[in-house]
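As structure tokens, here come the structures.
The same subunit A turns up in both complexes below, where it pairs with subunit B and then with subunit C.
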Partner chain A sequence: MPSNLPPPLFAATTTSARHINSLLKCCGFDSKACIQITSDGLRVTVEDCNVMQAHAFIDKALFNSYTFNLPSPSPSSSSPDPGESHEEEEPILFAVSLTALLECLQIFGAEAGRDKWGSGGGGTMAGGVFDQQVLRIGGSCKFEYEAVGSPLVITLDDAGVITTCTLSTWAPTLVDDIPIIRDSLTLKIIMKSTWLFDAITELSSTSVEKLQILASPSAPYFSLSASGPLGSTVVEFANDRSLLETFVVPETVQYRYRFGLIKHAVKAMAVSSKVSIRGDRRGTLSLQFMVEQDGGAPSFIDFRFLAYAADSSDEE
Partner chain B sequence: MSAPTTLQFTLSPQSTQKVHEALVCLSKFSEFISLEARRNKLCLSALNSTKSAYGAVHLTANKFFDSYQYLSQNGNEEARFSCRLQAKALLSVFRQRYLDSKEKPNSIDRCEFQVDDDPSRPECRILVRLIYTHGVLKTYKLTYEDVDSMHAVFDRESADNNWTISSSLLKSYMEHFGPKAEQLDISSENGRAAFTSFTEKLIDGKEILKQPLQTSISLDTTDFEHFNVTSGTHVAISLKDFRAITLHADTLGEPVHADYSSPGRALQVHYGRDGMQCEFTLMTTPDTRGTQQHRAVVASAPQPRSRASTRQPSAAPSGYTAPRSSVSKQPTTSAVEQEGEEDYGLGMDMGIDMPPPPVPSQHISSQPQPLQPLLPKRPQSTHPPPRPPSPPLPNHASASKPLFLTYASSSSSSEHSGDEDELARGLEEFHDLVGWDTAGRAAGAPQVVAKDVELEEGALRGGRRRKTKRVVDDDEDEGNAGRKETMGTEGIAPTQTSLVKGLFD
Partner chain C sequence: MRFKTSVRNISTFIKLTSCLTPISKTCWLRLSEDEVRFVIHRGDHGTQVWATVSIGTLFDEYRITSANSNIINLEVPLSLLHRALRSCSAAVDAVLRLTKRASDGVPILCLTITTSISTLVTQEIPVRVLSAASVEGLREPEIGEADANICLPPLTQVRAIAERMMKLSSAGNDGKLILAANWKGEFLMRLEGGEMVKVESRWRDLQNPVTEDSDQQQDLSDEEASRFKQVRVDGREWVRLLKVGVLARKCVACFVEGRALVVYVWLTEEGDRDETVLTYYMASYSA
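Up next, the complex of A and B:
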């Protein structure tokens, strides 16, 4: 449906706006997001204090139509080539207000009841049967990004009611992805994200500042702990297949993270079905959440955290 | 299990859930929850900040727990271990989750609770371990304060009004009351009982801070499993407290019993099941509608009229219209009384802190001074006050005092050597108070005075009334100190600002 006389840089329509919305909500902890358009989909990056990042990847498959025209400025090659380009392609990057974007996507009340569990990270999982989000079946959503520097235009059509939102974009402050060194993984655990969610909720009930993650090949195996003014809490996971689907920990490691940052991932924990927890030698933690949507390929959200410096993490 | 005091018990998932529910209820009274362990039972209790409401949940060692062991330091049978924790901390451990159907497999196997009170160690920690069926272990170390618990004393024998009602029925009735209603009046007349919630109108200048609201539910006494209340008795308690209690009672599904005697004295609600005994002692506002009615009726009599008349005028301004004709003015009054109740709490507090008898005089001299002047004036306006103002106030204070005492094993341990005496005196005064209460109604003179004051000073009704009431009621000089002081702070200065401040402080 994207009828474009001068082909826009990017145009896509989808009927699963609510899924996209829920993916974006998972990283809605900051007001700004950096969106990278590639021929495979959209990569949304949100970061906090340069020590944690969240990447949500919105796959092309989530869109009914997806047109990405390589930036014409590149003198060589064919510009209007939807999709099929490759890694070398120069990605299109822009920053946009995530708050506004989320607001737009739920402008028809797609996520009315959500906030009550959302921000606090407490409570229950995503919406019940009568959640507006579930009830809302129809409705399509169109994204358009005309050219570098132009606004992001979102057109929502809900049973004939059409809303057009124009979001200003601006040049992103470029931040490199937090790297995780795959060769030196000290910890690789895959588990149901509800367990993690439960553990984090448990720890957050007392106001704590630091989360300590301990993984070892023997006894406590995998434990999360935190202490605050009211006391301390430790959640330990036994090395049980039913609990930890994958557990690769060659040696005992212990890292500390700022709890407030970890809590940014709480929404993702609540919504996703599985989480892969990886840590490298320097303590960089990656939490990759698999978010399944009914009858579709799963989407992934990746959170990366830098640990507190090792010396501070070793002292008790 | 070494030399120091050790408390250890294990809870089943069901019991853990019960503890959660109990804690939720208690946490509505106070942000602190006291835990007291004895050889054969554990008691969780909470006393609200104004000391006008107290809740306790007693857990029987051999019935409620899967295992329970309490070893005291010296092996004394009567030994107790008591401490105080933040309700928040306890609730973070005993959270709602165990029976969460969504996560069936995520259920706990058992909950282990352990305290080692070792004086040689500087840290006070309670260790709670939740063992999940699927291999997750959660360990909590909670900080606690080593504090003696306070318990309310309630004499069920002297409470001649009592009723029993199904908790689910009671809860369904409670749902009719608006969320902002503050007080609950319980009354009975001619075979019908009435639960009436009401809020007093509160005005600050032209600004309406609180809108008056009254909802009344009348039910046949046959709805009760048991109903034995003197017709015409009215008691008013805090609706919020009562609501918390009914919600909890409903989770147990056991009938709720209530015992009380007369307005101004405590009311106790209790229920229990499977080794869990819950009791809540709530102070009723001393000058309830019932009393008022009574007074109004009595008004025809020479002395009493003063009171009735006074009330009405004051009530009228509030613009409140009560459903029942006879009671129309009551709501206002009661609201005022509510404030009064709060004062009570304060009074109690102070009572605890200071020896009753000596203080009064001092206080009078220092803070309450305004009162004294007022009092004399009042009498002048209508009738000369039968008694000096000082005596009446104390009564309340004293009355409340007896309710709350530290269980300090030895009275000596408590700061005030006079505690025991105070207690005794308090009890005496309590009775006296009741007597005086009636007297006050009859006399009514002081109230009139109060009214005058109002007019003169333009003070808020609430503050003024409160004062009056107290004055009327109070008889004794002694043990009133606390009361008076309270009045001094809130009641004495009748100006609007002061009242408001008191309310919102």
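Up next, the complex of A and C:
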């Protein structure tokens, strides 16, 4: 390698490609993703119609080596995420085809489907229904982003077979994060993701359009309801420690969301262990999922939804 | 025109038909006094398959007579033949003969199977008798010396990756894959032309078989030996060809740069008395 080339902006290798793939799959509801690279890790954002967003954070710790070289500062400073802000650091930001990225990460996966889960299975990542094809990425996986405007190059090595995927990148249409106002939280609930998964699955049996979330300090505490042309369904959660690990609801609140958007988070509900449900005064909903990987720190995927405006009510 | 034989080696026969069924619905079966030939030939651009085996590889007590110097040409529906053969995989004895269906006089290959409990099962495969003139023009392609020969890695692995690549191929590249090999034991498969993604898989440490009395490799410069000789093939046809992977004992690909890919698939171990080799010909498309 000639040494006079500038170092790539970003280069990282990992043996946890399976875990990364599984995190990204949770956001696979759209074909495009926006990737933001900072010195802490990769933040992948997928959005739908400007009213919902999913952010998957792939921590630096999931990589065996991680090199991030600051791009030369440019005047057009994008708004950094409040959670991971760095005063003097401007993140690398680009968009890629998420569909292609997912296919690339599992390029060795189809064959592995025939092998049974070997040793070191994925714990919670087994994922059941959504993971028909188990990945066997025995070797390493390298990510490289040379310079602004370069393609994202992923190199996978599976027992000597080397696959190089060159993904075109483009400048993303910048969309600000949907903010959740932390000091005006109206509800904060933590529970097992499977409870939420079961509830949403139950509600999706009828063709419903809107999901109504009701939380109150007294019974029925927390309920999810959906109504469609064929009837309505309500799932109520009792305020029981074994059910709702954390339950902070100062007053009764009620918000409505588009059901189709909530369903984008179903994969995340299925593979994660816990979910933190937060809502602020304007009804912005955050579903933060904790995805555990055996032997490693958990990863987080954050879904944000805007509520229907209260006056657009079509109730009787 | 008479043809009657006992099927000696049912498992090889089944392997042969299962290598042909993914490629085409029908095949040309040429029966003569000293060999049996299976041919798939569909115009200029589809994959062609040629397989010639000795009588003894498949049959026993083989009787053939015809006005055309004891050669019979048939067009056989592959899936029916394959299904009929599979049903006799546990047979004690199987007899194949050419006859006419009693009801309407349609020519059929009739497979009579004797099972272990002495039951007779008869399978009828309607066929079309081809005139000598209609197959006269069909010749096995002559490729000449290849620019690179390589023993392919396990086909199931190649197929899994090829299938993923085809999923990624967009309208921009009309479903073509680049295949290439060099004299350094390397083989690659590449999807390009897609707007979003390019994918390339590379295998190393493969063998470069050299045909006897050939000096292909000797006088090559190191640079030339490392250079990839490539062809551009239809990805879907390539995936279909790779389905034979389950049965292949050995598989050698010969690259004729920019023109054709020839794949030899051995169904038997090397040196087997009943050596059975299928030859697949794929034309290269220009970019």
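Basically, the second predicted complex is superposed on the first by the 263 of 316 C-alpha atoms of A that agree within 3 Å, B and C clash if a C-alpha of one lies under 4 Å from a C-alpha of the other, contacts with A are read in each partner's own complex, and residues count from 1 in each chain.
The definition used in the following text is that a contact is a pair of C-beta atoms (placed from the backbone, for glycine too) under 8 Å apart; a residue touches a chain by one contact, two chains touch by 3 or more.
Values in this document were obtained by computation on a predicted structure and should not be read as measured data.
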Legend entry - Room on subunit A for both subunit B and subunit C (clash or fit): fit
Legend entry - First, second, both or neither for A:Thr166, with subunit B first and subunit C second: second
Legend entry - Contacts of A:Gln106 with subunit B and subunit C, given as first, second, both or neither: second
Inset, instruction - Could you say whether A:Ser97 touches subunit B, subunit C, both of them, or neither, answering first, second, both or neither? - result: second
Inset, instruction - Check whether A:Ser205 is in contact with subunit B, with subunit C, with both or with neither, and answer first, second, both or neither. - result: first
Inset, instruction - Determine, under the contact definition given at the top, whether A:Asp177 touches first (subunit B), second (subunit C), both, or neither. - result: neither
Inset, instruction - With subunit A at the apex, figure out the C-alpha centre angle toward subunit B and subunit C and round it to a multiple of 10 degrees. - result: 60
Inset, instruction - Could you grab the smallest C-alpha gap between subunit B and subunit C in the overlay, to the nearest Å? - result: 6
Inset, instruction - Kindly list the residues of subunit A that each of subunit B and subunit C touches, one partner per complex. - result: none
Inset, instruction - Report the residues of subunit B in contact with subunit A in the complex, numbered from low to high. - result: 86, 88-89, 91-92, 95, 97, 102-103, 106, 125-126, 134-143
Legend entry - For the subunit A and subunit C complex, residues of the former touching the latter: 96-97, 99-100, 103-104, 106-111, 151, 160-168
Legend entry - Interfacial residue positions of subunit C with respect to subunit A in the complex: 153, 156-157, 160-161, 163-165, 167-168, 194-205
Legend entry - Of all residues in subunit A, those that touch subunit B in their complex: 124-125, 194-195, 198-199, 202, 205-206, 227, 229-238, 240, 242-243
